[in-house]
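Data block below; observations after.
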Amino acid sequence: MAENTQAAEPASKIDLPASVGGEAGGIPSFQVTAKIARFDPERDSEPHWEEYRVEMHGTDRVLDVLHKIKWEIDGSLSFRRSCAHGVCGSDAMRINGRNRLACKSLLKDFQKNPTDPVEITVEAIKGLPLEKDLIVDMEPFFQSYREIMPFLITSGQEPTKERVQSQADRAIFDDTTKCILCASCTTSCPVFWTDGQYFGPAAIVNAHRFIFDSRDEGGDMRLEVLNDREGVWRCRTTFNCTDACPRGIQVTKAIAEVKQALLTRTLA
Amino acid sequence: MAKASTGTLYRGREGMWSWVAHRVTGVGIFFFLLVHVLDTALVRVSPEAYNAVIDTYKTPFMAFGEVILVAAIAFHAFNGLRVIAVDFFKGGPANQKKLFWGAMVLWLVIMVAFLWRHIPNSLGGAF
Amino acid sequence: MSAPTIPAPRTGYQRSTAKGSNFELAAWLFMRLSGVLLVILIFGHLIVNMWLGDGVHQIDFAFVAGKWASPFWQIWDLLMLWLAMLHGTNGVRTVILDYAERPATRMTLQVVLYIASLVVVVLGTLVIFTFDPCIAGADFQFCPA
Amino acid sequence: MQVHEYDVVIVGAGGAGMRAAIESGQRARTAVLTKIYPTRSHTGAAQGGMCAALANVEEDNWEWHTFDTIKGGDYLVDQDAAEVMAKEAIDAVLDLEKMGLPFNRTPEGRIDQRRFGGHTRDHGKAPVRRACYAADRTGHMILQTLYQNCVKHGVEFFNEFYVLDLVMTEVDGKEQPAGVVAYELATGEIHVFRSKAVVFATGGFGKVFKTTSNAHTLTGDGVAVTYRRGLPLEDMEFFQFHPTGLAGLGILLSEAARGEGGILRNADGERFMERYAPTIKDLAPRDIVARSMANEVREGRGCGPNKDYVLLDLTHLEPAHIDEKLPDITEFARTYLGVEPYTEPVPVFPTAHYGMGGIPTNVDSEVLRNNTDVVPGLYAAGECACVSVHGSNRLGTNSLLDINVFGKRAGIAAAEYAQTAAMPELPENPETFVAGEIERLRTSDGPERIAAIRRDLQETMDANVQVFRTDETMRQALNDIEALRERYKNIGIQDRGKRFNLDLLEAVELGFLLEIAEVVTVAAIHRKESRGGHFREDFPDRDDENFMQHTMTYRDPESETEGIPGMRLEWKPVVITRYQPMERKY
């Protein structure tokens, strides 16, 4: 039986410090100037910058700015989004020069004092074909993902109950299970920008998730795929992927572990 | 094949810029090496030819070039060792930024020491 | 702010399908192993040539002759030449593969690179092994007059 | 226009849609149409867990689970369906594990389980550990695992295809589906998918409310599409408000936070749930906790400058424990509110979370055209469906279960149906309606803006049809909705393009939202009692005599309900097998 991890019964009543509530209270509004790279495939031959000025509040995020522009100023501004809290991976874009999720980029992080005006530049992620405004074609990205066989491969008879896996074995690949396939990493990678053939960090992260899963038996095949000229060896450890990952995945570390697995497989 | 959306620079951090520098220095050293082997090959032609070329290395202008060269080699070397550490050591990736700044400190120390030796050396020869 | 042209839609992935080759792995490993050795070799070379004695000023024909009189330095320089050239050539190869996208450009640049490297390595090796301190014009005492 | 032909068309690629696709894809030619990339579906936002009486950590069995589900749903649950779900739960979890889902593990390496609201041992004696989980990203892992298996089985996806209509045709005097009409986002092209069977798995409609844990894309498309085709909607008045949304934002902090020991406090620092549910306190079902919280705020014990939220206190838990079990949600608190959960309690308030109602189906996921008859070839599963396993209030972790159990059943049933059925004839010009609507909206240039109408709709729903409801407030909402429908006729959009015209689609979605909001409100006015997620201040008690039945709302131009023309309301009996209704006490 599992150890009881429940804490002791908490107190019925406590004294609350005066400061509770964080920033849920009122926060002054401020001006935001948003410079957005717009591109309409039916009219433009190349993207151009468009500037918008809106008034925003303390807990607002870049996604809120985009929404405000779309909903109140220009309905044709196009971008993907769904969950609005960093779990679906729809809205990776380049904000002030770095890949992030718009829904996870707080305006106040671009600001020194709570009422300072904020300037943001927003453009589509780089390296995938631009479709419209902030929307790119994700197909090549998912193609790389599919190529590394991102599913559990096993042989022999299935057990009647679950496969047993120790907590330690489960922990080895925990980090890489967090991936939401947002493409922030792959499209921040200078090697991916070059010719777009590199599998890219996201595909490797997802391969890692299975290669290091003690239940999986397809690791060798995936390693073979990543031993390719466009595989792990193209990574130049630039760490842009790790810096960009909104899920805090240690992407470069995962890539290093795959490289090492390939080395041991080949040399040992 | 499609690439850039717009032309703005990606604001990478230590990892990206160190790689850019590593690449630039690597290619730079490579081209220097091509030339360097060729000029050294002059020892097979005649001592005069060799000495003539080598003497140009001793001008203040070239002294400056040598500083650049040593700086490039030292950077490439220390950052290369950092890359190797990232690749092979368990804590490498997590500490890459510290390793980078460590490499930079080392680079600075080496450069100061080298300049301390090299400036009087090369200037001394010129005057 | 000028925006560059928007590139044509991609033609899809054309990844190499050659499987089972460990070339990239070997190249990657070689870069690291040679890198470590090169640190020793190059810094040794720089210290001896530019730090000890008179620094750059000591370098002349005689200096080289002095060094290559010893097999130790011959081997040292030979190793350094080979490792640095292989390391550098492979490095430049990756740079070419990164930035030259048209197959024809890629091919041309690579051919030029390999020929240049080969010439330099062969030449350098010959120079080290066939070095003759008493080549015409040299005036060491031990040279036959 | 393009026409495609498949045996089975699945609309939606969330948990339910992909679970169905895995089954159907191996048996019949299947297409999955989804308006967003499969991995963007909101199943991925689910955090806490998926329950099954595996009994891996303590004694448990599926009958207790059935009972908890029925009691949690305030006895409005169809008990045969609940039994099916609780029984098949065990295989549903094991299936996922075998597909590769990385569940957290017990020290013995088995699937770990934790406590969740309303799940008890032996009919309410004490909380039980029944929720299987993967940290606090269980839904994420389910969505990823299902997508991975779709990749494995080569399921055909049509990504960013918005299904806007269901094509019906008459076969032997009965209406049945002949396919669907979809709008391709990338090109603006209209596609008709002709098929023998259609499965709806389009998820929820939380966007009728302002404060919600639901994604922007959860606009109830499938629910509205079938409703517009004359099929009924069941139990639409029951909407769940999750107790712990981040104050002001609605972003969810999973019940797992309380399952792992977190507690709620008011401005006095009091653990107020001790007063409302003395036995299981903070782990009471959601409707009770949400109401208790709203009540604390109403009575002036709320926190903050506006006294409009309460606090979720995790500070007595070990940071290491929090990191291990609740990493994501503590991150939300830090990112979005700037609160450090190790040391400070987190501001929370109820957030619109889950629609218990939806497209009525039987346990084989077949859609019902009335109280008894099914529509051959039409299936629904997931949040858009109402099997009714959740009754008037869903227990936490029962939805991830629902989508897996009934998604699988729908996939199998649809494929098997398609193996014997003939390909129905498409009616002439099946795309006319959609094409007309799209063209009308694309060229619309009225003065009204989509966003303004949507905001007003959400605000009136939040103000009038939320945790506490009265006849008066709901009539107000209804009036507002009517006015908004008028305004909707005069909207204007700005994007006139064909490619990625999301402006246009937001207009379409708003049409769906207005439709659904009206159904929700009318059904709620109709139910003059309080039960589960539906609490009427003017009728605060449960009334089994008159209302122990499901509502079925039909779109019917001839009828009128509660002064609303075009709607017909009927009642459908609840299936009771073993557990007679009792008072619901925790």
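All chains are identified by letter, namely A, B, C and D, in their written order; residue positions are counted from 1 within each chain.
To be clear about the criterion, a residue touches a chain if its C-beta (ideal position, glycine included) is under 8 Å from a C-beta of that chain, and two chains touch if they have at least 3 such contacts.
Every value quoted in this text rests on a predicted model; they were computed, and no experiment measured them.
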Point to revise | Chain ID, smallest distance between chain and overall C-alpha centroids | key: A
Exercise for review: Would you mind telling me which chain pair, B-C or A-B, is linked by more contacting C-beta pairs?
Suggested key: B-C
Revision key, fill the gap. Per the C-alpha means, the centres of chain B and chain C lie apart by a whole-Å value of 14
Revision key, fill the gap. Whole-Å distance, C-alpha centre of chain A to that of chain B, is 35
Point to revise | Geometric centre distance via CA averages, chain D-chain B, whole Å | key: 61
Point to revise | Centroid spacing, where centroids are CA-atom means, of chain C and chain D in whole angstrom | key: 65
Exercise for review: Please set out, as single numbers or ranges, the residues of chain A touching at least two other chains.
Suggested key: 37, 39, 47, 49, 129-130, 195-196, 259
Practice item. Could you check chain C for residues that touch two or more other chains and list them? Key: 3-4, 6-7, 9-10, 101
Practice item. Could you list which residues of chain D touch at least two other chains? Key: none
Check your understanding: Which word fits how the chains touch one another: line, ring, star, complete or other?
Key -> other
**Study point:** Every chain pair meeting the contact rule
**Key:** A-B, A-C, A-D, B-C
Study note, to complete from the structure: Residue set of chain A touching chain C in the complex reads 37, 39, 44-49, 129-130, 137, 140, 143-144, 191, 194-197, 224, 227-231, 233-234, 259, 262-263, 266
Check your understanding: Hey, which residues of chain D end up touching chain A in the complex?
Key -> 36-37, 39-42, 44-45, 56-58, 93-94, 97-100, 102-113, 129, 134-135, 137, 140-141, 144, 148-149, 151-152, 186, 215-217, 246-249, 251, 260-261, 263, 265, 267-271, 274, 303-306, 309, 311, 313, 316-318, 321, 325, 328, 332-333, 335-339, 344-347, 449-452, 493-503
**Study point:** Residue ranges of chain A in contact with chain D within the complex
**Key:** 1-3, 5-8, 10-17, 19-26, 40-42, 59, 70-72, 74-76, 78-90, 104, 106, 131-133, 135, 138, 142, 146, 149-152, 158-159, 161-167, 169-170, 173-174, 177-181, 210, 213, 215-216
Check your understanding: Quick one: in the complex, what on chain C touches chain B?
Key -> 2-4, 6-11, 32, 35-36, 38-39, 42-43, 46, 50-51, 54-57, 59-62, 64-65, 81, 84-85, 88-89, 91-92, 95, 101, 116, 120, 123-124, 126-127, 130-132, 135-138
Check your understanding: Which residues, counting only chain B, touch chain C once they are in their complex?
Key -> 1-7, 23, 26-27, 29-30, 33-34, 37-38, 40-41, 43-48, 50-51, 54, 57-58, 63, 66, 70, 73, 77, 80-81, 83-84, 87-88, 114, 117-118, 121-122, 124-125
